[in-house]
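What follows is a group of structures, each given as structure tokens.
First subunit A sits with subunit B, and in the next complex the same chain sits with subunit C.
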Partner chain A sequence: MDRVPIIKIGKYLLATIQTDVQDNVAVALQEDLAARIIAARARLVLLDISALQIVDSFIGRMIADISGIAKLLDAEVIVVGMQPAVAITLVELGLTLSGVRTALNVESALAMAGIRDQN
Partner chain B sequence: MAASERVTVALRTQEDVVSLRHRVREQAVVLRFSLLDQTKIVTAASELARNAVIYGGGGEAIIETSLNNGRDGLTLTVIDHGPGIPNVEDAMRAGFSTGGGLGLGLSGTRRLVDEFELRSEVGQGTSVRIVRWK
Partner chain C sequence: MTRDAPLGRLPIGSSSDILTARQRVRDAAARLGFDLFDQVQLATGVSELGREIAASGGGELEVWISSTRPRRLVIGARGVALRDVSTNAVPGVIAARRLIGPPLDGASGEQSCTFSRALPKSARLDNLAESLSASATDPFSELRHQDTELLRMHEEIRRRDSELESVNRELEETNRGVLALYAELDDKAESVRQISDERARFLSNVTHELRTPLISITSLCRLLLTQGDRSLEDEQAKQITYIQKSAQDLLDFVSDLLDLAKVEAGKVTVRAAPFEAEETLAALRGMFRPLSADTGVPVIFDLSPIPTLETDESKVSQILRNLISNALKFTETGEIRVAASYEAKADEVLFAATDTGIGIAAADLDRIFDEFVQVDTRHGRRHRSSGLGLPLSRKLAELMGGSITVKSKLGEGSTFSLRLPRKYAPQVPQTAPESGAGYVLVVDDDQISRYVAKEQLERLGWRVVEAADGEMALKLAREGECRAILLDLTMPGISGFEVLERLGEDPSTSMIPVVIRTSLPVGDIDAGSVSRAAAVFSKSDSMQSVVDLIASRTASQPARPRGTSSA
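What follows is the complex of A and B.
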């Protein structure tokens, strides 16, 4: 089974889903991220899904769960780079991912987080 | 001029669900579906395939493309010989899940396609046929 790579950049973690993933890879990412948040004492996680061509109900739930788990661990997840067609399809599917923060790219995600840190 | 193609994909494992997504994408590209329509039909395929693997104990998917005068479309039929769905009305309701899911697979899929037909018989299995016209 492949794993989604997670790298630490300064104070944040960057997880990039590089290709279409099967379900257990998504589940493993959830566990890996929780462990890395603790190990790295990270307060910010960027989850880059720009390479994902679809997000169905399972992957959508995984994204929401990752965000929820991170919150409990005092970290914030920003989902980066969701493709417009994916966003439209997700909403039609009935999944709005309300409560999940999103940004169009890594730069604006960091800007969002930076603004938050100053407050 | 009319042309059609038929592709069958076995559905036993999570990897097979990923393979089906790729096969459906390929066919949608052949049909020159817009990117949004490709995304919708691939997402719908993923939902049905996962249901067949998880609840139906595996099955198979048949992708049919038709290129006819004016009526290009992709038909996907996902069949399993699992336990069937005792109450289809419940299963079709958003939020209903017996597997700890969000319960959005069937209700959401219906919204993503132009035609949706579910047949299920307890003890016999389930078959779902969806069509997305270009």
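What follows is the complex of A and C.
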């Protein structure tokens, strides 16, 4: 089974979904991230979905769930690089991903996190 | 109505089918000229629809271009549960309607529900053949991929096969080589045997030819020395004495050589007759007295009573002569003791010649019985001798069923011991019973086992009586002729264990040695339950070891009291 790579950069974790994924890969990502957050004591997870073109209700819920799980583990998820078509489709589907922070790219996500860290 | 442009069918069963479906639809949408946004919407809509179908147990998506104008892209869903459910209430259906589009008017009843979207104005219908057909060819390419995989594995297996074959060939060649070597070895062994035979024959002939003139020389010398009337001058007499002595030495050597050759050629026979060891030793004492007086080393004879021997006196004498003269040769000071004793238990006599001479190094002990070997010593060089005495003595001793052993310490002296059976037994296996000495009782319910044991025991000289069960065995054992019992443990009726116990309880049978021979694993037998047995053998053990044990037991047991019964 394919897995979504999770890279540790300093205190951050960066998970990049490279392609359209099967459901079980998405579930595995959820579990892997939770484990890595604890192992790395990470406070911030950047979930890069810029290569992802199809986000249906299942994947959308997955992203929301990852955000919720991370929050319980004292970490924050920033979803990075969502494609405009994906955003529109999600709204069409009625999935607004409330409570999930988003950034246009990794750079601005890190800037957001930097601000948070200084606080 | 006609469907002028079917694009394909997408079976939906698992989540991977959903992934495939949305990717195919997205590709098809791209080819049809939908923009990126529409592609994502259509694909996501298909994904939602697919989930609904998968959740309700599987089904199929069908994609086609409507024949009515304006042309529309139609996606029809066929799922088990979708057929009966009011389409408006199903979330996936709602999402699909929102993302793909409204149902196609006049769609056939084959589909549970349909969704359609107008094709973009720039739609290029000439590409259609390739659009979803890519999906149709996919299983094919998958198959092709698997085929190549199979071919690769096949190739691999064939490679290993040929590897194995070559290893096999190599092994066969090695095997042939080994067999050839064996044959060569056989040939060599055969030629060595022939050479050995020829050597023995040659030695025998040559020494015979040598002896005749030597005897003439010594006789002539004696004649010259004893011709009283024409006396020789002192110097001449001395010279002739030396000639005589040298000739005598040479004659002795040649005689030894001849004897050895004869023994090796198997031409020497043992002539057994009753004689008294004391007389033999007395003769030896007389023979060595002058010699020991010359050297100043006394030869002392320690004799204990020895019963009459029945073996070849001349050979015993020859061996002892050899041992004593050897002892004298290698002893400058001290004494030589010759002892003789009798061991009643083994019915053997033991002669020992102990000197206080130069001794033999431990490393040389094995070699001194080899022909023409002389351990290099001060003495050895001064006292020249053939080196044939010990090997000849040993061969003669073996011929009479005895042995010669040596114990020695360098510088302190040596003891050569000759051990002989009191009574020479010609070519008879030692384990054979004396005639009328009773029989071995073989107890086994298995006829074949009994037969095998009987055959082997009879070949080794025993009389055998068979018993097929414990009751019979006990009855026969009480009759009094039985010398040993070979007992099986697992038998119907009275088991071997019980037979063993009852034999032990009865004084008329308790003396009979019992050897257990069982098919049970020997290690599994409770040692306590068979402690009365002389030994426990597995049926896979050789019968020889069983027979040896019976022989040793029957020999060491006093004769079984006759006439005593349990009454």
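Keep this in mind: the second predicted complex is superposed on the first by the 119 of 119 C-alpha atoms of A that agree within 3 Å, B and C clash if a C-alpha of one lies under 4 Å from a C-alpha of the other, contacts with A are read in each partner's own complex, and residues count from 1 in each chain.
Criterion: a residue touches a chain if its C-beta (ideal position, glycine included) is under 8 Å from a C-beta of that chain, and two chains touch if they have at least 3 such contacts.
Predicted model, so just to flag it, every value in this text is computed and none were measured.
S.K.: Quick check for you: in the superposed arrangement, does A:Glu31 touch first (subunit B), second (subunit C), both or neither?
M.R.: After superposition on chain A, A:Glu31 lies in contact with neither partner.
S.K.: In the superposed arrangement, which partner chain does A:Gln53 touch: subunit B (first), subunit C (second), both, or neither?
M.R.: both
S.K.: Touching A:Arg61, do we find subunit B (first), subunit C (second), both, or neither?
M.R.: In the superposition, A:Arg61 touches subunit B alone.
S.K.: Touch test for A:Glu92: subunit B only (first), subunit C only (second), both, or neither?
M.R.: Both subunit B and subunit C are touched by A:Glu92.
S.K.: Under the stated touch criterion, which partner chain does A:Asp23 make contact with: subunit B (first), subunit C (second), both, or neither?
M.R.: both
S.K.: Indicate the residue numbers of subunit A shared between its subunit B interface and its subunit C interface, in ascending order.
M.R.: 20-24, 53-58, 83, 85-86, 88-89, 92-93
S.K.: Given the complex with subunit A, which residues does subunit B contribute to the contact?
M.R.: Residues 14-15, 17-18, 21-22, 25, 35-36, 38-40, 42-43, 46-47, 50, 94, 101-102, 104-105, 107-109, 111-112.
S.K.: Enumerate the contact residues on subunit C facing subunit A in the complex.
M.R.: Residues 15-16, 18-19, 22-23, 26, 36-37, 39-41, 43-44, 47-48, 51, 91, 95, 98-99.
S.K.: Touching residues of subunit A toward subunit C in the complex: what are they?
M.R.: Residues of subunit A touching subunit C: 20-24, 53-58, 83-86, 88-89, 92-93.
S.K.: Considering only the defined contacts, which subunit A positions touch subunit B in the complex?
M.R.: 20-24, 53-58, 60-61, 83, 85-86, 88-89, 92-95
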